[in-house]
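Two complexes come next, and they have one chain in common, chain A, joined by chain B in the first and chain C in the second.
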Partner chain A sequence: MTAKKKVAAITANVACAYAMKQIDPDVVPAYPITPQTTIMEEFSNYVADGAVNTRLMRVESEHSAMSAAIGASAAGARVMTATSSQGLALMWEMLYIASALRLPIVMQNVNRALSAPINIHCDHSDSMGARDAGWIQLFSENAQEAYDNTIQAVKIAEDMRVRLPVMVLYDGFIVSHAIDRVELLDDEVVKDFIGDFKPVYSLLDVDNPVTVGPFDSLNGYYFEFKRMQEEVMRRAKSVIIKVGEEFMKVSGRSYGLFETYQIEDAEYVLVLLGSAAGTARVAVDNLRQQGIRIGLLKLRVFRPFPFEEIAKALNSAKIVAVLDRSISPGSQGGPVFQEVCSALYSFDCSPVIVNYIYGLGGREIELAHFFKVVSDLEDLSEKRSKESFVRYLNLRE
Partner chain B sequence: MSSFWEIRWHGRGGQGAVTAAKFLAEVALSKDFYFQAFPEYGAERMGAPIQAFTRLSDAPIYIRSAIEKPDVIVVLDPTLIGTVDVLEGLKSDTIILVNTPMSPAEVRKILGLEGKKNRVFTVDATKIALETIGRPIPNTPLVGALVKATGLFQLAEVVEGLKVSFGKKFSEEVIEGNIAAIKRAYEEVKES
Partner chain C sequence: MKWDVRRIREWKFYEHPQGATILEAGNSLYYQTGSWRTFRPVWIGEKCTHCLYCFIFCPDAAVKVSKEKIAGFDYEHCKGCGICATECPREAIEMVEEQRESDR
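Our next item is the complex of A and B:
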């Protein structure tokens, strides 16, 4: 534990820029996009002041930002960047290359809706679309978690058992631009925690030349390679847990794969991720006072998805309501719902599971909406219905 | 300070509503309270109506939605009255503070709050700002009036908070001007 806590009144973007200052990455290629921009605005101050040794590359697009990140990381540098929405979408093909080359790049994606219509506000469509890109995804509820996840992400990404890129996610404006109470670690604590970066198979290691990104065709090992990539992602789970435990020792703040609140005896459990989990917690407190046995499961790690652990945590619930802040046209419910269904089915768990899509394009989600969900669940429970459904919260109909 | 306060700021882009919401959060930090300060984001531009929000509490704050039923409403620009619904979500005990040369009784009438038990305060924060800071930015004097109206913090705590909050960014002269503005508004705010 640190002796005296340093607490600041700052936004999540400013907190993340501060984390980057403490991490002092070798290379940061970046392109501005709302609501990410203020991370890089703030970080570029540190660069200009000489507070970091970082080479900040102002590139001409997000595709170039990720391409430069890949090049620098393959050359043996510790690399970070940040983006949002269309920016992440423009990085698309490069995201897959970063993960398949096993490059431990860390990137904040400040969650924002995808066009069209053009919308700068929060939903999770951007990063949910990247869920198969082979990146670890850590979601954050508030500025504190965004700061803490950024620091942990470096250690997770660079762990020799992992060596995968990590995306740190938090809600655009709601979290990115809200001034929050954030406990900051000392620079030395962060430096010791993440340790020195040890490049492997560096392109600049001329004595040990390697080929990066070669062609691999029908008679090659593409399939085996992808299987290995999947296995590494699966194994990253235990490293994420271990890094969370180590982080607890230096910060006093606990991080796991997900967080549960009041679920031990809960009939109903809400499952969600991001900032709305905070409002859900308040809803749980309110409903508990009315004698309703309700709990909350807030996901932190979406990739790798903790199937077994989630199934175990939800097994004794009667009804599970999953809330998704993104939409997947043509599918049965949102991405979080699909994964939770898969977890419950795979492990033969019994709860009824229903889905709510909410908050697209920054649409407000208030306590009343959670109360509406719970009154639906009470109806279902009364009717003993086993039927699943997908509904929309606070949609104008 | 009682346990949980929700404050809504109505202003126009450029009047410093967001800075005021942030400043109050920083005062709360210096008192080791919990807080949130956030603007309503849209097409913000100079002169357009905007809102900002502050939550203050002696316990961790988890709620993340907009403030629906504020405990305090601060109007930085009286021309907003009638343009936007500044009383939206009004509770029977919501405190209202308006930057205007008018008396609290006049404002109460304009707002249609006659016979209601809401406390209404006014202060000519623009005039105070012009005379102390030299610019018509009413935000810091309104924070002085706000703490007087609510008893949220001591005047000395706000002055101390301003030194910390503004200290890095502004000259000694600007800081002294703002402190004078806060003190004057604290003294001059009127209630009906």
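Our next item is the complex of A and C:
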């Protein structure tokens, strides 16, 4: 660790562009979309100034951005890109191809609501929709985590046991455009941490010709390949933990699958991901002062979902409230809720579990809303109800 | 790494090369890729000048050449696209509809 820390007051988008400068990827194909735009704006300055060796490709759509990323990655390049919302939606078919071809592309997705109505503000419905696309998903609470996750994502994606694309996620505007305190690593530290890029196969390696993306028919091996992807995703968990430990050594900041706060003796536990964790922590402190035994579990890794670890962490709680910043019409609760439910059920854990949908299209979540959640939980506890429910926070109803 | 595709049917899911990548060039020799052809190219020797256009244009390397002369077609790998017949400047290739043995 360097003796003198470099600290900057910058937004998460600027911090991520800075991380990209330090990573110096070979190819960055990108298309602008709010609230991602300023990452690429900033990064293209580095390209214009000759601060990086990157070939920046300005393509005509996000579909082309991801297609070019796949082509460049298959050719043997280290590739990064970034997007948001509709842009991610437009990449859809290519997302599955990137992961199935096992290409270690790293992409920030700055979380934004999906139309309609058109809304440029934060919720998680874009990346939650892509949860089955086979990408590793790392959520970040603030600019520091967005910067740190971007650097770790490269090492995770490129680990020979993983070789999967990684999405780094953080909340649109709330994190992407708010000026925050960010500790930056030295260029050399980042370079050493990620190491050189080694392609497994390369289309440019004429001595070892390969075919990428072949046709697989009815009597083929599609099922085997999907099962292999799932296995690799499962194994990525230990690599994510290991990379987090190594990152701790160079940065002094620790990263795991999730972060817990005051949950050891907690009767009630809040589970959520993204920027709302900051407000939740203040709410926990407030309620603890009133003698309420409450804690917080902030998820970092949504894919692969840490089922066993979450079940273990929540097992001694009485009631668990999962807060989802996206909606899944027609299902029982939001995506985080569904995962936590299945974790608790699979490992035969006892807590009652309830769900709150919040913050869609950038709707505010404040301390008062967390207090409302906890007063609901106290009611439930008094009634000894074992029933689950899905409720909405700060909705006009 | 040499990749022997002939035992692929027995491979467990974790034994395949990652990302469905095919690691060996030319392994279509192991398969009859021409089994779905509906028209077959038939060479008319007396019209042919051996310009080799058909050989150059064939996307499946199914035009056989021996000593710089056309030596017929590899019907196990010809898919019947007809590019050779279209490109032949001498109309020395005719596309003939495939038939069941019994209908011939």
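What we mean here is this: the second predicted complex is superposed on the first by the 397 of 397 C-alpha atoms of A that agree within 3 Å, B and C clash if a C-alpha of one lies under 4 Å from a C-alpha of the other, contacts with A are read in each partner's own complex, and residues count from 1 in each chain.
What we mean here is this: a contact is a pair of C-beta atoms (placed from the backbone, for glycine too) under 8 Å apart; a residue touches a chain by one contact, two chains touch by 3 or more.
Small disclaimer: the values here were computed from a predicted structure and weren't measured.
Trainee: Which holds for A:120: it touches chain B only (first), chain C only (second), both, or neither?
Mentor: In the superposition, A:120 touches chain B alone.
Trainee: Identify the partner contact of A:163: answer first if only chain B is touched, second if only chain C is, both if each is, neither if none is.
Mentor: A:163: touches chain C, not chain B.
Trainee: Looking at the overlay, does A:279 come into contact with chain B only (first), chain C only (second), both, or neither?
Mentor: The first partner, chain B, only.
Trainee: Where does A:216 make contact in the superposed view: on chain B (first), on chain C (second), on both, or on neither?
Mentor: Only chain C is touched by A:216; chain B is not.
Trainee: Could you say whether A:59 touches chain B, chain C, both of them, or neither, answering first, second, both or neither?
Mentor: A:59 sits against neither chain B nor chain C.
Trainee: Just checking: does A:201 make contact with chain B only, chain C only, both, or neither of them? Give me first, second, both or neither.
Mentor: Touch status of A:201: second partner only.
Trainee: With both complexes overlaid on chain A, does A:103 touch chain B (first), chain C (second), both or neither?
Mentor: Touch status of A:103: second partner only.
Trainee: Which chain A residues qualify as touching chain B in the complex?
Mentor: Those residues of chain A that touch chain B are 7-9, 120-121, 142, 173-175, 177-181, 275-276, 278-279, 281-282, 364-367.
Trainee: In the complex of these two chains, what residues of chain A are touching chain C?
Mentor: 100-103, 163, 200-201, 208-214, 216, 221, 223-225, 227-228, 231-232
Trainee: Tell me, which parts of chain C touch chain A in their complex?
Mentor: Answer in residue numbers: 8, 11-14, 16-23, 25.
Trainee: Could you please specify the touching residues of chain B with respect to chain A in the complex?
Mentor: 21-22, 25-26, 28-29, 32, 34-39, 41, 62-66, 68
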